[in-house]
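Written below as structure tokens is the structure these notes are about.
Going by the order they are written in, the chains are A, B and C; count residues from 1 in each one.
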Amino acid sequence: MKGLHIFGLSHSYGNNQVLDNVGLMIPAGELVCMLGPSGCGKSTLLRLAGGLEKVQKGNIVIDDVTVGSTEFHLNPEHRRIGLMFQDYALFPHLDTVRNVTFGLIGMDKEKARRKAMEMLDQVGMTSHADKYPHMLSGGQQQRVALARALAPEPKLLLLDEPFSGLDTNMRQRIREETLSVLKQSGVTTLMVTHDPEEAMFMSDRIKIIGAKGRILQVGRPHEIYYHPNHEFVAKLFGMMNQFKGVVRNGQVETPLGEASTDLPDGAEVEVLVRPEGIILEENQSKTETLVELRSSHLLGHDNIVRVRVQGVSKELYVRVHHSFEIELAKQITARLDPEYTFVYALDENVSPPNRYNKSKLVNLQAVTGE
Amino acid sequence: MTSASSSIKIADGTTKVSLSWLNGWTLGTIVIAMIAILPIAAVIFISLTPGDDIWEHLMSTVLTLYISTTLGLMIGVGIGTLLIGVGTAWLVSMCRFPGKRMFEWALLLPMAMPAYVIAYLYTDILEYSGPLQELLRDLFGWKTKREYWFPEIRSLGGAIAMMTLVLYPYVYLLSRAAFMEQSVCVLEASRSLGRGPYRSFFGVALPLARPAIIIGISLVLMEALNDFGTVDFFAVSTFTLGIYDVWLNMNNVAGAAQLATVLLLFVLFLVLSERFARRKQRFHHTTTKYKALPGYLLEGWRGRFATLACALPVVFGFVLPSAVLANYSLVHFEVAMNPEFIGYAVNSFMLSALAAILAVAIGIFMAYGVRLRNERLLKVMVRMASLGYAVPGSVLAVGVLVSLGSIDNGIDGFMRSNFGISTGLLFSGTIAAVTFGYLVRFLALSFGSVEASLGKVTPSMDGAARSLGHGPLSTLRRIHLPMIQGSILTASMMVFVDCMKELPLTVILRPFNFHTLATFVHQYASDEQLGEASLAALSIVGFGILPVIVLSLAITRSRPGHAEEEEVS
Amino acid sequence: MVKKKIMKTREVLKVAALAIVTVILSLTSAFAAEEVNLYSERQPFLMDPLLKAFTEETGIKVNMVYIQKGMLERLKAEGANSPADLILTSDIGNLNNHLEADLLQASQSSILENNIPSHYRHPEGKWYGLTTRARIIFAHKERVKPGEISSYEDLAKAHMKGRVCTRSGKHMYNVSLLASIIAAKGEDAAEAWAKGLKANLARKPQGNDRAQVKAVFQGECDVSIGNTYYMGKMQTNDKSPEQKEWASAVNVIFPNQSDRGTHTNISGAAVTKSAKNKSNAVKLIEFLTSNNAQKIYAEDNFEYPIKKGVALHPLVESWGTFKADTTFLSNVAKQRILATRIMDRVRFDN
């Protein structure tokens, strides 16, 4: 059973518990992304996996070998891992090649250099081999850091917010390149980020982390986006429209019509709708809700539109296709797209049993190796 | 889950190695710290031995005087060295003006000048019967002292001036290093936010350099607190002078140790409150990007002012006193040029070099030990170990005597009673004892600067190196040492120069027939015959400036991105 | 490049280590068969000629450490294993401190008893005086009228207001002088004297004894207090001829000739309790009180030989003979702590 396995990990700094009984599994060769807000303990998890922190409680296993447990700590240098930091941590006194050969211990010089050049070639940095870190741009530094981390062929690669230091233009390109390099190398990868888009783009599987490192949901990007099983997860992907209501006969009344749910009758709930989950149309039947336009901004492919439901003071955020010239519409109606509409109980204990179990099940599966 | 765990094995072989290695650093750090604490502990122990109660007498007579004089000295020297040290460091690092390249190293020169020597020289020049006042009297026809006013050199103000002149290089050195390590981006960010160079300096550069400046100032203050030669010569009643008075004139070593302990607690309080004040601040290198520093071009009167501001401390702290010394040496050459003199110089040089190498090695070991294991106990111990700098030299020497004496006699007693062999004194009165004394005294210098610059290396460097398969030692050697090279050089230079000048520990701890340049100067200086000692004093300065210049150039070169500076400017 | 640098550092380290080992070896291998080990408060430039003569005469090698402060603590810390056989001090105070700390041992020698008058040695032979000096008054030849000053007490009288210069009141020479006044006239009188003297000072106490004469020469003050030998050193200083001028501006006054006599102090020697070469140590003291050695002291350092019949330096002789305060020196030394406290009480230095 190759890959990374984490069991029952708890960790605290002083009185501040950052991880509480966390379990996690990454099958060999997969790229898993931990997505969560800052302070959720994801960096601590990464540091523990890397051996930069000692395990206080729990077990960490890489490729069938326990590298950290309550009683035992294997130092990072013996774990055969690759680590990439937010600030890249390139060694300022070494040029690019020597940064990359740094991890190639025991290899003869010529061979190490060849290997380093190979890695640099993969990331397209051969022409900068003799430069020092301070002479490189952020994107170039990132690529050198990646080459350096991969050169010793680690069993596990840990990436800590690897793209956050880059500007937007470059970020997309670097992401693509990085992904292709990672796929090519087939290394098991754990990446932490607070950027959902990044997580969606990069990973085979996303793990959403809430407070104290609790894993709220595990799934492929598609599942996470379309079936967020937790309010917290749903909200990660940006602005949501929120309505409060009470369940009656499996339905919740919203200003835009009813949303269905399997929560028990009488439960107080919150309905979350993604901006693309509100469908605006011109001049449809009277049964639908009329809204008035407040503002509209073209963002390229989409318009982001603010509308107000007549009689309701609340503004709604809606994403509409650019071809819909909303300013010209005389009368606009709005309805919910059930695919982007999620209902959660306000009181967490009222969650429907099946859904709660489902998330548990996923976790358990992760642990036992699916 | 059970099936899964059955296939899991524990990484073997490396287990013990990895755990014990980490403990080795910690254990080593604790052991070294404990050994270094010994003499300080001995001083505290002596302070607890029975003796005449001096406190009632002191409180009813001179204690307030000691305290106010000492505070005055600290404030004066503190402000003086801050202004000169930081000001010149800023000019030299950030501006371009005539002579800048030379001042980069020349500003360090006064460091090689012992305070007591400069005090003698300036007294000769400035006292009533000195050439300056004689000239003034001739010019204006004054006959007696009462007819005109002239500042009294043998005064608190004089002591402040003398110490400021030779101690400001500590502040200069550390704040210059800090300015050079600052990312130019931070300064540019500040200027882009509409702050001019002056406001950028006070708003950004200065606060960022604060830890380094504080270390510099605290080193200066400890030196000033400990000074005996200058305040004794000027009869300025500082706390330290009081310690010697109680010890030697009242023959009350316990009382002197009590005063020294109070002094120590005072220093400890200052150090801790400073640490507390910036407990939340972290200063890591903000970026790996370095560009040439801006180099504001100062032209016209500004340029001349900058040149003058940098020239004055060098002239008064080094050029003038050296010239006077050189003149004395020529006059007294026959007496001064002793054939054994070369031997003393070699002794001084070797001993100082040995102490500098050891102090820096130990400083690195301890600072890295704390970095690996950031535990409170370790931190406290390490902090205690560098307190030797806060104790007046002779008092610390007594602490070293007592601790080494008890170890020697303990071993001797043990060997006698168990094996019937007497080992005598193994350490007392040997070169090792002197070296040990130097280390205890100057560990604060090396540890402080190494710790400060290690603190600026971001922890992700450690993580990166460790994850790439390098153990703590290899990481230290390949990553940290090269990165903090500049500070290591700085630290060794400071320890070296200080050891060259060091007197009380050498005098009290040395073996028979062993002389250094400083002790050679001392025997004449103690009889107020500086002429005979001038050549030796000049050699201390000469030997001191060699490494100062060489290392200063190396420090400039060690800044990443410095290579391109030539092309840019 | 970095690697190269590290290599270099290593080479340097190796060379340094090697050199240091060599130094230590050369130092330790210098053991001679017959030797005597000396902790000295007196400067090497002063002692070297004497010790050289001793080695030439007896073949006994002398090892010396010059320690001004901390000699007592070093002896104490080293305990019975201390290598020191003998101490030399420049003042009675330190001899007395060592005696009270029980660091000295008695030795008998008829030579020493012959050479040294009894009030200049310990009754049981625990310390011996080697030379004496007097603490005297230097008065400006013109500005101080004959008879204006003839005793230490005169320095504290009203007519000397603003005319006196002296070094720090905490310096052992001045502490000893005050201690002698305590011994002669009691604590209260001594304190009143110190207070009066302070009130008469022309400037804050500073500098050394020579500097005071310089100040008299320059007109800052009219009289100063100093040790006898400084006068000789100034009068013969060819290296700094200006000092001869200073000296020629003043008269030497031996105070208190009509009552208890001038305060004198001694430099001395004592055999340590831990001495392993006791007989050599005694031999060295005997040598230092011999005619030859006493002559060197007198000629080179203008001190008064302790041995009767040894010729004074002609200059010293020219100052005339004087009556010394014969209060037993140990009794004076015992008052030093009190004297220091009085200096504190009258805030002499401020």
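Points worth noting:
Following the convention adopted for this analysis, contacts are C-beta pairs under 8 Å (C-beta built on N, C-alpha and C of every residue); 3 or more make two chains touch, one makes a residue touch a chain.
Here the structure is a predicted model, which means the values were calculated and not measured.
Taken chain by chain, the contacts run in an open path, each chain touching the next and the two ends left apart.
Placing every chain at the mean of its C-alpha atoms, the farthest one from subunit C is found to be A. Summarising the inter-chain contacts, the pair of chains with the most C-beta pairs in contact is B-C. Mean C-alpha position of subunit A lies 83 Å from that of subunit C.
Centres computed as Cα averages put subunit B at a distance of 33 Å from subunit C.
Measuring from the averaged C-alpha position of subunit A to that of subunit B gives a distance of 51 Å.
Touching two or more other chains at once are residues 2 of subunit C. Counting partner chains per residue, subunit A has residues 93 touching two or more of them. Residue positions of subunit B touching 2 or more other chains: 482, 485.
Looking at the complex, you find that subunit C touches subunit B at residues 2, 5-6, 13, 16, 19-20, 23-24, 27, 30, 37-38, 43-45, 63-70, 72-74, 76-83, 93, 97, 100, 167-168, 170, 172, 175, 202-208, 210-211, 214-215, 217-220, 239-240, 336-337, 339-341, 344-345, 347, 349-350.
Per the touch definition, subunit B reaches subunit A in the complex via residues 1, 3-4, 7-11, 14-15, 18-19, 21-22, 287-291, 458, 460-472, 474, 478-479, 482-483, 485, 560-561.
Note for the complex: subunit A touches subunit B at residues 1, 5, 47, 50-52, 61, 64-67, 72-83, 85-93, 102-103, 105, 132-134, 141, 145, 148-149, 152, 154, 158, 367-369.
The touching residues of subunit B, counted against subunit C in their complex, run 52, 57-58, 60-62, 65, 123, 127-129, 143-145, 152, 154-155, 232-235, 237, 241, 244-245, 247-253, 331-332, 335, 346-347, 350, 353-354, 357, 394, 397-398, 401-402, 404-406, 408-409, 412, 422, 424-425, 428-431, 477, 481-482, 485, 504, 507-515, 519, 522-524, 526-528, 531-532.
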